[in-house]
Amino acid sequence: MLEQLKKEVYEANMQLPKLDLVTFTWGNVSGIDRDQGLFVIKPSGVDYDKLQPEDLVVVDLTGKVVEGKLNPSSDTPTHTYLYNHFPKIGGIVHTHSPWAVAFAAAKMDIPALNTTHADTFYTDVPAADALTKEEIEEDYEGNTGKTIVRTFNERHLDYEATPGSLVSQHGPFCWGETPAKAVYNAKVLEVVAEEDYHTLQLTRSDSHLPQYLLDKHYYRKHGENAYYGQNNAQSKTHAKRK
Amino acid sequence: MLEQLKKEVYEANMQLPKLDLVTFTWGNVSGIDRDQGLFVIKPSGVDYDKLQPEDLVVVDLTGKVVEGKLNPSSDTPTHTYLYNHFPKIGGIVHTHSPWAVAFAAAKMDIPALNTTHADTFYTDVPAADALTKEEIEEDYEGNTGKTIVRTFNERHLDYEATPGSLVSQHGPFCWGETPAKAVYNAKVLEVVAEEDYHTLQLTRSDSHLPQYLLDKHYYRKHGENAYYGQNNAQSKTHAKRK
Amino acid sequence: MLEQLKKEVYEANMQLPKLDLVTFTWGNVSGIDRDQGLFVIKPSGVDYDKLQPEDLVVVDLTGKVVEGKLNPSSDTPTHTYLYNHFPKIGGIVHTHSPWAVAFAAAKMDIPALNTTHADTFYTDVPAADALTKEEIEEDYEGNTGKTIVRTFNERHLDYEATPGSLVSQHGPFCWGETPAKAVYNAKVLEVVAEEDYHTLQLTRSDSHLPQYLLDKHYYRKHGENAYYGQNNAQSKTHAKRK
Amino acid sequence: MLEQLKKEVYEANMQLPKLDLVTFTWGNVSGIDRDQGLFVIKPSGVDYDKLQPEDLVVVDLTGKVVEGKLNPSSDTPTHTYLYNHFPKIGGIVHTHSPWAVAFAAAKMDIPALNTTHADTFYTDVPAADALTKEEIEEDYEGNTGKTIVRTFNERHLDYEATPGSLVSQHGPFCWGETPAKAVYNAKVLEVVAEEDYHTLQLTRSDSHLPQYLLDKHYYRKHGENAYYGQNNAQSKTHAKRK
């Protein structure tokens, strides 16, 4: 079942080592078929150089395994939570990429300091609250999704315009319209985290981008007035936010 | 048309990933035929591993596409502006190379602190002013060229002796006599930015090079008294500046 | 003799350059056969690209060479000491990996600041005391093992739950149930050291993980309630520590 | 002439890009035949991937080219000066390796903070004084050698025990018994510079190694009591310094 989606999710997973986003097995990508309400995810702890498309596990939106001989990623409840609460996303990726982890451990947002950031993320990328003792013991991975969603709600962030979040003390989760797009966003976040780290050491001035520059770069690439690339207005669902 | 120039510009573009200057499609190189008043530039958003010489777009000095099936780089108006105002340059490169971006985001010049810098850049590499809201909304990419040229004029910089600039909050633009030379200069800038970052963390003393050392290293490689390499006095147009 | 173990130790040694943990010959892995009381170790100063399984040296638990034409690693007395005092370990690795060395030179523990750390190391990784003049002159390499064991005793650390240590002014030693697992732990330590360095530059707040998060991540992967990977409860000897 | 030495010097030059010590053509290695009083050096500005053994230039100890169709490295007078004043060295390497350059630009010694350093360099690696205006204009490259030798004399350093130096505002020069050994030392210096940079950011305590640890590590590898590697007492000329 879901052979095409498995192929997409497999290929998105295999991009993680190619883009230097994972060490060992520390990452996972999933992709969803919204019509069937099923998502496909990497099995837990399998080496990337041994991973095969048929190893992927199919899970429903209650988190139950529907097909697959292997255990799904231990982060499956986080993916389930995010798919249920961010209804327009098609793929999710979690990594322990080191620059994003450095910010997550410091419980710091990745600030929007340059146009590389603004091309993909319309705002600072938040560091969602660390989980409490109760949240960890009750349902660690599910509540990891919950703290992300809660943070987006509290800060009035649009998950389509800011397609990723840190979880404090842990690391980054990114998402997108497709599994491939989610991985692209995860790489952007890592690159931007590295650049921001260095900028923050160079200056003590607040060097956040002004809103009009965020608007300009974001809408060069997204929405009906986009003019970057070969498919202008490629993403008509992103109408200009005021 | 311009087959030889397309080949040069294609090869210069393909150097960007080889020299670790780009992630994904975040860079572009152009080259100009001054006799015909036409330049050749990378198409917008095309992957480097799919780029072919015939994909390149030919543009005139008003910024109008003269040949090509694909959209030119969205940064084309910046290239156009620079070719019009820096009449001796033959190639331009824009990247989002991460060390240069870190300085651009901090709105800091890349200071001349070592001889690696002085071999290629005769002065600090300036961080041109960030664009105002009006400049961004009126003509973002064109005004990106304008802020560079204005900065060079205000600071009395010679664009041949300082073949590159940062644009604050954005990233680096470099140029040179040829597209290949522009890419070479972009790599030097990235290497020097990394070195300078570390030097600035090591010491709080002002460690700018003295003018006589800048002179020595720059004129070892440039001008009629050059003695580096196998083609001495290779660049006779760079007479010694006082 | 010990052909299977030699193969394992050889392969674990060859992982060091693949995982970017060594420059030149600056590392060594050993593995022990507890029944025979013999361990196999890399010969001293041999290039990784010339190393062959038959070059490995067999040593007994008094540190005496039992088989081998080459000198064993000059760090052999450290391995001997650790095998004698940490009776459940099956492999040891020493490297000069640069991020771990940076902490060792600063005489700083590698603090538990993120879940990447907690997945493998249950506590901060200690920087064992630098050796005194007397210890260095008496038996440098043996006393290098002694300072590690003494530090674990003084701090009441469990060497199975914290499978590695720095030696101040020198570098990291890691261990594990097998030579391969020791190398895995050495790579985790290096990755975590890099992440921690950046976190410590980003914030002056104490961002140590709380104990309940250390528990959660460590016991996701270890002990009878483990649920990460395909072999749950893979390591039954790690009962939950209170 | 000097075919064997040319081969050695060629191979040592080709190690520079393999060890990530050069960008573009920014490095050069030479080697000397002491009996004939002639040294072989890389030609100026030739790409490493085009360099052939027969391109190397033979120079005498007055700096005069004796054989070769190409210009020798522009740094030839520095090599000449060093060969004349450090009579026991057999090879010299100059690079612009970025971590060493960062210290040179800050005019800071590379301090002896860890045993990786002590295995190769018996003391801090000095940052020789920057050249004065007069020295630069009179004989830049020759005086670059002179500032190194003067610094070693003023600080009573032994050039065999400390086989390298920074030149302030410029970069590193290393040397050794052979061209290959000089390149080895240049790589050690770069690795140690990177580690030291991070240690210096982690702590404000003085973490210099004590003399007894410098002695221990240096004499494990050098002198009649050496016991590292397969050729003990490999370097009998290094008797223990008091």
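First chain written, first letter: the chains are A, B, C and D, and each begins at residue 1.
FYI, a contact is a pair of C-beta atoms (placed from the backbone, for glycine too) under 8 Å apart; a residue touches a chain by one contact, two chains touch by 3 or more.
On a predicted model such as this, the values are computed, not experimentally measured, just so you know.
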Shortest contact path, chain A to chain D, counted in steps: 2
Most widely separated chain from chain D, with each centre as the mean of CA atoms: A
Numbering shared by both copies at the chain D-chain B contact, with half separating same from different: different
Rigid-body rotation angle, chain D and chain C, from Cα fit (steps of 5°): 90
Separation of mean Cα positions, chain B and chain A [Å, integer]: 33
Between chain C and chain B, distance of the C-alpha-averaged centres to the nearest whole Å: 47
Multi-chain contact residues (two or more partners), chain A: 201
Topology of the chain contact graph, where touching chains are joined (line, ring, star, complete, other): ring
Touch relationships between chains, expressed as pairs: A-B, A-C, B-D, C-D
Residue ranges of chain B touching chain D (in the complex, touch as defined): 113-116, 184, 187, 191, 194-196, 198-199, 201-203, 205, 207, 209-210, 212-213, 216, 220, 227-230, 232
Touch list for chain A against partner chain C, complex: 23-24, 26, 43-46, 70-71, 74, 96, 98-99, 101-108, 130-131, 133, 136-137, 140, 169-171, 197, 200-201
